[in-house]
Amino acid sequence: MTSVQSHLSASFAAHLADAQVAVEIETPEMTLNIGPQHPSTHGVFRLIAKVDGERVTEVEPVLGYMHRGYEKLCEVRTYAQVTALVNRLDWLSGYCNEIPFILSAEKLMGIEAPPRVQYIRTILSELARQATFLVFLGSFGIELGALTPFFHTMRDREKVLDLLESVTGGRFHPNFNRVGGILDDLPPGFVEECAAVMDDVDKMCDQVDALLFGNDIFRERTLGVGVIPLDKGLEYGVSGANIRASGCAADVRRDEPYLVYDEVDFDVVTDTRGDAFARAYCRLQETRESTRIVRQCLKALPSGPIMAKVPKVIQVPPGEVYVRAENPLGEMGYYLVSRGGRIPYRVKVRTASFNNVSVLPWLLEGVFMPDLIAILGSLYFILGDVDR
Amino acid sequence: MNWWAFVLRLLVIAALIPAAAYVLGYTFLKVLAHMQYRLGPMEAGRFHGVGQLLADGLKFLQKEDLVPDKADRPVFLFAPAVVLVGVVLVFMTIPFGPPPLNIVNLDSQLFVMLAASSLGTIGVLMAGWSSANKYSMMGGFRAAGQLLAYELPLILAAVGVVMQAGTLNLDGIVEAQSQFHLFGTAIPIPYVIPQIIGFVVFVIASQAELSQAPFDMPFAESELVAGFTTEYSGFRYLFFFLAEFASNFAFAAIGATLFLGGYWVPLVPEKALWIVGPIALAVKIGVLVFIFFWMRSTYPRLREDQLQRFAWKWLIPIALVNIGLTGVLKVVA
Amino acid sequence: MALAPEALTARFRDGLGESVVDTSTAFGMATVVVSARAWVDALAFAKGDEQLACDSFSWLSGIEWVDDSEGDADADTAEAAAATGAETEEPEPEPDESEYHAPPVPAFEVVARVASSTEHHGVTLKARLDPDRPVVASAIGVYAGADWHERELMEMFGVEVVGHPNPVKLYLPDHFEGHPLRRSYKLGAREIKPWPGDVNVEDMPEDTPITEPKPGQPK
């Protein structure tokens, strides 16, 4: 009798537990295909996400929709032609992409560009950085549903792009660097104009700081979301503001000064939180540092030639070198292998976004669907930079 | 009531909905544009792009009415109509002026009004489910969850007004406001002063009911493409578009009636309200709509769980406290 | 405290002993070539050693060295190949570390760059593989970030990465045949038509400074 009772109660309990479990987990997993065309993937990026309700359980990024095979194309182009190509890697800051390539070629050839060139290169790199970060500050708002900041940052970005255009003739793809120098000198009146625009950019930064970063909803959406621990980030090679937000003071401009970064005074902005907010905030602060650098460069701009003595036909002696630079998206570098001649033997392009994105499958596990967008936005990658 | 008078009023409403949606849609484009350092539409219609929405509407009508293969066809086709009907019902209950400028005059008019305003939820859920699209479905469910959560604070905020006025009839509420003297002020004041807590809760909850930023989770274009409207095209999309701005108007009208005195204007003789009343209501609606659009263009979007938490942990308790306070004051006064 | 390239290579020689095949500090870049078998050990050493402390993984890729006088549709490379050929014909009498020397062709090198976030130095690690059938062990166990780089290495060079948990193509479609970054994989467009931009670049006598230094504007 008692045994029957206990048996019955046990089976009841089991059924109850079953029913409970069935009620609890009766949300079938759904595979959600985000992209390749999706409003917040910055190009043709595809994520295959398994979602349980609003929670993402697994994510698989699919790359290659924009793979253009630049490393192969570099092997059949002369050095001057490669710079036109690499402009299109991270298309928002095309100018910055040229710098490490040109520097690597110059390093192998043993040429050093004249000081005026170095200064102009630094100024233009920083302008490109500001243009990129202004897009970020606006588009990150859009990803979180705030439309208005985007238009305001785009307005000031336009001023920065106008400056770039006045010097290089191109807004996105300047192709302005040559081995040993630059194509042309600064146009008259550039210094005054540039200083005025820097004031505008600073003002914009203050506004974004107050309106977006001071907004409670924005903080609620980003604080503590998508935390990248420092060791994990380093292991994946995450760089730029993404890793500095995790507390690592790594900045190529400071660690391995190129151009004239050792002559200007700037702070490496770091944060310890490692979340989406910290990443975005680091970028905001870096925009301010960037205007600081430009102002110093404008003040110290030397006169002089804009081209070193180089042979007409650029022939790079045999050698291998890895030159990296701190691009807006993070560390970008070229591993240049030359066996002599006018054409590089092998160019390995190390782009920041590729490594930054590779942390996604690990990072996106178990986040909410809206957080997924916030995290994607805060990592800030450009598809041309991921796929190459 | 004569049947022809009723039909006439219905026709007026039928004309008023697109007209209101048009005016509000245009205002929205312009307000948003100027807040975003743009000009907005400038070409169509010669004067500052006033014809833009007409052009857009014509464009929508010309577009193909696409239905996805896997869609639940009848439900998919019917959903926009349900959403629009909900808005029409709300319009029916708005008192545009002193009787007989109101369409219906019911004892439980506010009750009908609020009930009708949540009818759209069903249409949204239908649209989200029947589209056979995962984004639509998530959008539909988000909308349903959100509208349920924010229905409560909306009604609770209105309850304070009802208690103070002592009637559910909207004309009665307007009349009560025209006779309300807080601490014996010389000029009667609208309920927005004594019911300020209720007003704030009402505005926030309406914003959520309208699925506008910071509560635009159901659309969330950066996540869900276009939410439950993703698969709609042509005139069915136009229905959603119309309904969006018409319900903006409707909620502003409810708010204006409950808290801002509706068609009543202080110090204006009762006879003049026949003409001044509708204009005053339009102005008050305009003010509220501007607040809606202002919020919409300023704030980022909340996350779904934060949105629910905000409704249940903040808005509803605050609304309940407001009811308690109103009760106490009512008894004391 | 950042270590100089010479100190870095010395550290690797000390730590890995016989596994280090070659080192170089040419152009200020510390390069350590290890034997294929010691590849993962070398990476683990770079990461674990407290002086090196290379906690940051930068990239991983490959270089295929072939004797390609016909590799490029360009006459200059013949000269270059001859230059490297001449260099490699020497029987490697302890090459000077500070001078650059290319590996003997044909060769296949897998290259990885790791850096230290605390010490601010970086090192390029290489391993020479069998050029006909390159096989290398996966470094995911040491640096999780090597995952995608190794997938790219597999599809682009046809390298077999042993122990990779997910050896599928990263960029290319699944049905893609061939390994595009191999020298033997000809760029289709160039086969059909030589690069039109090439005609602009005339061969000029070397060391003729055509570009006179332009006078800079005084601000």
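Per-chain numbering from 1; labels A, B and C assigned in written order.
Definition applied: contacts are C-beta pairs under 8 Å (C-beta built on N, C-alpha and C of every residue); 3 or more make two chains touch, one makes a residue touch a chain.
Because the structure is a prediction, the values reported are computed rather than measured.
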Set of chains adjacent to subunit A and to subunit B: none
Chains most often in contact, by C-beta pairs: A-C
Centre-to-centre distance between subunit B and subunit A (centres being mean Cα positions), rounded to whole Å: 42
Euclidean distance of C-alpha centroids - subunit A vs subunit C, Å: 24
Centre-of-Cα separation between subunit C and subunit B, whole angstrom: 64
Multi-partner residues of subunit B (at least 2 other chains): none
Subunit C: positions in contact with at least two other chains: none
Parts of subunit C lying in touch with subunit A, wherever the complex brings them together: 2, 26-29, 31, 55-59, 61, 63-64, 72-74, 76-77, 79-81, 83-84, 87, 100, 102, 111, 113, 117, 120, 122, 124, 143-145, 147-148, 156, 169-173, 180-181, 185, 187, 190, 195, 197-198, 201-204, 206-211, 213-219
Residue ranges of subunit A touching subunit B (in the complex, touch as defined): 30, 32, 38-40, 54, 141-148, 150-152, 155, 211-212, 215, 217-218, 220-221, 368-373, 377
Complex contact set, residues of subunit B against subunit A: 32, 35-38, 134-135, 138, 213-214, 216-217, 220-223, 225, 297-306
Contacting residues of subunit A [partner subunit C, same complex]: 63-64, 67, 69, 71-73, 75-78, 80-81, 107-108, 114, 116, 181, 185-186, 188, 191, 231-232, 234-237, 239, 243, 248, 250, 255-256, 301, 303-313, 315, 318-322, 324, 331, 333, 335, 337-343, 345-346, 348, 350, 354-355, 358-359, 362, 387
